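Taking it in order: structure first as C-alpha cells, then the write-up.
Per-chain residue numbering starts at 1, and chain names A, B, C and D are given in the order in which the chains are listed.
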Amino acid sequence: MTPALETRNLCKHFGALTVAEQINFKLDAGARHALIGPNGAGKTTFVNMLMGGLAPSSGAILLGGVEVTRQSQRQRVKHGLGRTFQINSLFRSLTVVDNVSLAVAERHGVAWGMFRPAGRYRSVVDESMQLLDTLGLLEDAKLSLAALPYGKQRLVEIAIALGMRPKVLLLDEPAAGIPSLESHRILEVLDALPKEIAILIIEHDMDLVFRFARKITVLAQGAVLMEGSPAEVSSDARVRQVYLGERRE
Amino acid sequence: MQGFASSLVSVAFHGIAYGMILYVISVGLSVTMGLMGFVNLAHGVFAMTGGYVMLSAMSRYDVPFPLALCLAFVLVAAASVVLERLLYARLYSAGDLEQVLLTIGLIFMAVAAARLAYGTLQQPVNLPPYLKGQFALFGRDFPAYRVFLVAFSSVLVAVLWFGVERTRWGAKVRAAVDNRAMAQAIGINTSLLFTVTFALGSGLAALGGALGADIIAIQPIYPFENLITFLIVVAVGGMGSLRGPFVAALLIGISDTACKYWLPQFGAFFIYAATIAILLWRPAGLFGKASQ
Amino acid sequence: MLTRIIACVASMIFAASAGVAVAQTVKIGLISTYSGPTAAQGDQLDKGVKLFMKLNGSKLPPGVKVELVVRDDAGANPDNAKRIAQELIVRDKVQFLTGLVWTPNAASIAPLAAEAKVPFISMNAAGVGIPYTSDYFARVSFTLWQSSYPLGQWAGKKYKRAYTMVSDFAPGHEAEEAFIKGFKESGGVIVDSVRVPLAATDFSAYMQRVKDAKPDVLFGFNPAGKQATAQMKGFADLDLGKAGVKYIGPGDITTDEELQGMGDVALGVMTVHHYSAAADRPANKAFVAAYKKEYGANLNPGFMSVGAYDAMQLIFDAINAQKGKMDPQATMQYIKSYKNANSPRGPIAIDPETRDIMQNEYLREVRKVGGQLANVEIEVVGKMVKDPWKQLNPKK
Amino acid sequence: MTGPAHTGSYLSDPRVRPMEWLPWVLALVCYFAAPTYLPLGSYILIMILFALSLDLILGYAGIITLGHAAYFGFGAYVAAILAVRVTADPLIGIAVAGISAGLLGWLTGLVILRMRGLTLLMLTLAITSICYEIANKATALTGGADGLGGFNMKPILGLFKFDLFNKTGYLYCLLFLFVAWWLVRRIIYSPFGASLTGIRENVARMHALGSPVYQRLVAVYTISAALAGVAGGLLTHTTEFVGLKVLSFDLSGDLLVMLILGGVGRIYGAFVGPVVYLLAQDSLAKQFPEYWYFGIGLMLVLVVMFARGGILGIVDRLLLRIRRGNT
C-alpha cells in the first residue's frame, strides 16, 4: 500500500550548516505518528519542507505516491495536505465560524465568487457549523475569535485544518502553551479525529505523544535517530542519551 | 575621446558628491527601519531641520560653518529623542499603515511649520570663503565645496562604519537588527538602544541636510520632494544594512547625474525603472536580509 | 455637508430679508498659489495685491466696494484651477477673475471665462497663445517672446555660439523658440539646447554639459523663484563665467526678490525684461519705497508683484470707469483701449487686437548699487513692444 | 455578532440597511439645495469613488500603497487623449478609461504583488513616478507640464450637455459612484471578499489553506485600478482638462489621508473622509490657505494616536457607549 506521505533522502543545507540530512520517512494511511526530538533537531525545518514553505536542497517528497517536491503549498493542499501551526495562526478579527468557513470555502472551490453574498453559500456555513459542533465549539461560533480563551483558540486551529478535509494532517505542537491540566481536552479531540486521516504530530508534551501515537520517529541533529513503537522508543538508549544529554546542558 | 573621458570624470565626481549626501541623510533611515521595523517617512524632516538650523545659525548669529554643522547635528538629534519617546515609541508594535500615517502627518506639520518660520523662499547658502572657488584635480576644475563634501562624508562614513563594526554599541545594534527578541533575551536594553540609534540617525540626517544644502535646496517642501529618493536609497540598498545604502546612494547619485548629462530628455525615468528592476530581482534590496 | 446646506439656506433668507442692497460690491476672484513647492511665486502676487489694496483700496466711486475672494491652486495644477474658477463664477459670482502664477492653470481657465463672460486678467501667467483661446482674457504681465526675441537679436550681434537651457514647460519652450529665432536672425549659431525638468534643484550636471560644449553665451530661462537661484548657483559652481561663457536670459533668471540670495556670481549677467526694482522712474521709486515699508527693507519687489499691482490698477480703473455697475462686455471694451502711463515699469497699454500687454523692454546688467545687487537698466531695446509671436502668428 | 463595519463574513446580513441610503439621499438633496456647490460636489463624488477603490485594496485586502494615483491618472489621461484624438463621447471615454486602467492594474499587479511591506510600498511609488515622468515627457501626447485641454465633451447619450454649473456632471458622477458602490458592496459581502479579509488578517494561514493568494490580490488590484481609472475619467470629463497632478505622489497621499480620516475597511469611510476633508479644505484653505497643511498633519497624528478607526470609528464607539448607557 502506498504511504500517505513519504520522503526520500531529504536534505537541506544553509551554507555549511546541515539542518536535514538524508531523511527517509513514511507516514502510512490512517497513521497516528509522532515526530519528536530535542530543540534544534530540525523538526520545524522538516515540517516546512513538507508543506512547501522551504525548498529542500535534495531529495524527494511524495504525497499519496505523487511527487510534490517542486510543487507549491497550494498544490500540496490540493493533494490533501493540511497543517496546524505551533503558534496560533488565526484570523483574529473574524468570527470563529468565519475562520473555519474560509477553509471550507476554499475546498468547495467557491472562494472566487464575487457577486453572491457569502451567507447564501449554505453548504459552506452548514459544514463549518457542523465541524465546530464536533469540536464542542458550537456556542462560540458567532463570537469574535479574539474573544475566545487561548485553549479554545487552539481548537479552532485544528478546526480550520479539518475544514480542509486533509488526507494527511500535520499537527505542529497542538498543545503548545496549554497548561497540562487542560491538555486532556486536546487529546479527546485528537482521539475523535476521523480514522482515515493520516496524522503526523510534532509535540513536546511526552505524555500526549505516548498516549496518542502508535509510531514515533526521533529526530536529532537533522537526521532520523530511530523509529519505532512508543515502547521501543522509550526504552532506547540513544534516545535517552539525546534527551538526557540535552537536559544536562 | 578625450572629451568623453573628461566628461566621465565630471559626471562621476558630481554623482559621487550627490550620492555621498544621499547616503549621509539616508543611512539613519536604513538603520532605524531595519532595527525597529519602523516605516519612517518623515526622515526628510530631520534633514530639512538640520539645513535650517545650520543656515540660520550662520546668517542670523554669525556662527562659523563648522560649529553650525555641529549645532545642526546636536539640536536635531536632541529633538528627535523627544519625538521618538513621545510618538514613535508608541507605534513600534503597530502596523505599517499606522506608521506611514503618523509620519506623513509629521511631514505635513513640518512643512507648515517651516513655511511659518522661514517663508517659502529657498534659503540662500553662504559658504565660508575657504570653501568657495575651484579646486584643480587631474587637470580639471572642481568646485571646492563639493570636493570638501566628498572628503568630509568619506571620513564620516569611515567613522560610522568603525563605530558599528568595532564598538560595543555597534555590536548591540547589529545583534538587535539580526534578531530583536534574542537581543532582548540576552539583556540588551532595546528601548534605550532604539532611542540612541534613532537620535544618531536623525542627527546624521541633519548633518547631511546641512552639508547638502547646496545641492538639495532647503525649503519647506523638502521632506516631500526628496522622500522618494531617500526611500529608494534604503529600499534598493536593503533595510538595516550599512553598506547597502552606501552602494545604492552612489549608484543613484552617479546614474542621476549621468542621465542629466547625457540623456536630459528622459528625466528621472531611468532611476525609477532601475529601482523597480532591482527590487524585483532582489526584493530585500542589494544587501538586505532575505525575508523569511 | 449638512452645516453647509444650513448656512446656504440661512444666507438666502438673510439676503431676502435684507432687501435692496445698500452698497454695490464688486467681487474679484483671485486665484494664486499659496501652498506647494511654488508658493513663493504666489507670495509675490499676494504682496503686490495687498500693497495695492492698502494704498488704493478705497479709491472707488461712492457706494462701491470691492471684495477679494482668494483661492489657492496649489501650484501648476490646471484641473484644480479650473474647478476653482468654476466655483468662483457660479458660487461666488465674481465679476473679475485674476491672479494666476501658472500658464497651464490660466490656459485651462481662459475658455471658461469666455463661456461665462467673466473678464479674466492674468497677473503673471505668460503662455503666449492664451488670448487666442478666450475673448475675455487680457494680460498685464508679459510674454516671453517680448523679452527673449529682442534679447536674441541683441545677443546675435555680439556673440557667435549660444547654448539654451530652459525649464521644460510651455513658457520655457516659448522662451527657447523666441531666443533662437532672434539669435539666428542676427547671424548666431545655436550649439545645443537642453530642457530641464520643472522640479530640478541641482543644475550642476546640466551646467557641466554646457561647459564642455564651450559656447560664448548661455541663454537660460526658468519660472523664477528658487529655480532661478538654483540655476545661477549651478552656473557659479562650475565657474562657467571664468570659462568664458556669458549668462543671459529674460528677467526671470535674475528676479529682483531672489537676486540678493544669488550672491556676487550674478554680477555681469545680462537680461532683457520689462521690470527692474532698481529702475529710477519716479513711479517705480515710489512703488519700491511703499513695498519696502510694508514688507521690510531687505525685500525687493519682483516683476510678479508689479504684475499683480498693475492688474489691480487695471481692474480698479475699469470699475471706476463704469461706476461700479459692471457689464462684462463694456469692461472688455474698456480694457482693450487701456493705457497706464505711470506703471512702475514705465508706460503700459493693452493691445486692442490681442488683449495682450504692450510695454517697454529694457536691457539690464546685474551690478552693485550701494552694496546691493541690482538689475541696472542700460537701454530700452524695444518701445511699447507688442507680443512678437502674435505678429508672426496672427489669429486666423 | 457583527459590528456596524462592513466586513466580508459568512454570517453578515448582506441586505442594504436603511442607513446606507442616507448618503444617496443627501447627495440628491445637495443637488437641489446647493446648486452653486456642484463643481465642488462633483469633485467630492469623484474622490469618494477613488477612495472607495483604495478601500477595496487597502482596507479589505491590506495592500498598503502610495501609488494609487497611477491608475486614477492613467484613466484621466486616457479619457483626455481619447477625447482629443478619437471621440468626445463621455460613455465610451469612461469605458475605455476604466478598462485601460484595469489593464495597467493587472499588468503592474502581476509584477509587484508578490512583494510585501516596504518593498511593495516602494514599487507602488516607483510605478506612479514612472507614469508621471512619461506623462511629463511625452509632451506631444499628453501636453507635458502644461496639461491637456482644448476638448469639449459631447452630451451624454447625445442628450445631456455638460454645463457651466456642473449639474449634468454632478449627476453623471453620482451615477457612476452608485454603480461602483453597488459593485464594491457585492464584492465585499461575497466569499471572495471574505477571502480578501483573510489575506489581510493572516496571509500565511491563507497560503496553508491552499488559497491562491497572489491571484486573489491581482484580481482585486485589477478591479480597484479599473475603478480608480473610472474616477480619473470622470475628472477629465467634468473639468475638460487634465494635468500632471493626477499622477502625482501628492494625490496618492491626499487620498490616503482622506480614507484614513473616514475610516479604513468599512466602505463608508471612503464616503465620510473625502466629504469632511474637501469641505474643510474648501473653507479653511480659503481663510488660511497658507497653514491648511498644519491642521491636516496634526489631525493625522491625532487619528493615529487616539482614533484608529477614523471618524466612523469614533461614531461607532460613541454609539456603543450610548447603548451601554441605556441598558
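One rule holds for everything that comes next: a residue touches a chain if its C-beta (ideal position, glycine included) is under 8 Å from a C-beta of that chain, and two chains touch if they have at least 3 such contacts.
Since we're looking at a predicted model, the values are computed, not measured.
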Chain connectivity with chain D absent, coordinates unchanged: A | B, C
Co-neighbours of chain C and chain A - touch as defined: D
Most remote chain, CA-based centroid, reference being chain B: A
Distance from chain B to chain A - Cα centre to Cα centre, in angstrom: 47
Inter-centroid spacing, chain D versus chain C (mean Cα positions, whole Å): 36
Length of the line joining the C-alpha centres of chain A and chain D, rounded to whole Å: 42
Per-residue overlap in chain B, given as positions that touch at least 2 other chains: 115, 265, 267-268
Of all residues in chain D, the ones touching two or more other chains: 136, 250, 290, 292-293
Contacts with two or more other chains, residues of chain A listed in rising order: none
Graph class of chain-chain contacts, one of line, ring, star, complete, other: other
Contact pairs between chains, per stated definition: A-D, B-C, B-D, C-D
Residues of chain B touching chain D in the complex: 33, 39, 87, 90-91, 96-98, 100-102, 104-113, 115-116, 224, 227-228, 231-232, 234-235, 239, 265-269, 272-273, 275-276, 279-280, 283-285, 291
Chain D residues touching chain A - in the complex, by the definition given at the top: 1-2, 7-14, 186-187, 189-195, 197-198, 201-202, 204-212, 216
For the chain C and chain D complex, residues of the former touching the latter: 1-2, 4-5, 8-9, 34-36, 39, 69-72, 75-80, 82-83, 86-87, 89-91, 103-104, 107-108, 111-112, 115-116, 127, 133, 168-170, 197-198
Contact footprint of chain C on chain D as seen in their complex: 26, 29-30, 33-40, 43, 136, 144-147, 149-150, 164-166, 235-236, 239-246, 250, 275, 279, 285-286, 289-290, 292-293
Chain B contact footprint on chain D (complex, rising order): 58, 64, 66, 111-112, 114-119, 121-123, 125-127, 129-130, 133-134, 136-137, 249-250, 253, 256-257, 260, 264, 290-294, 296-301, 303-305, 308
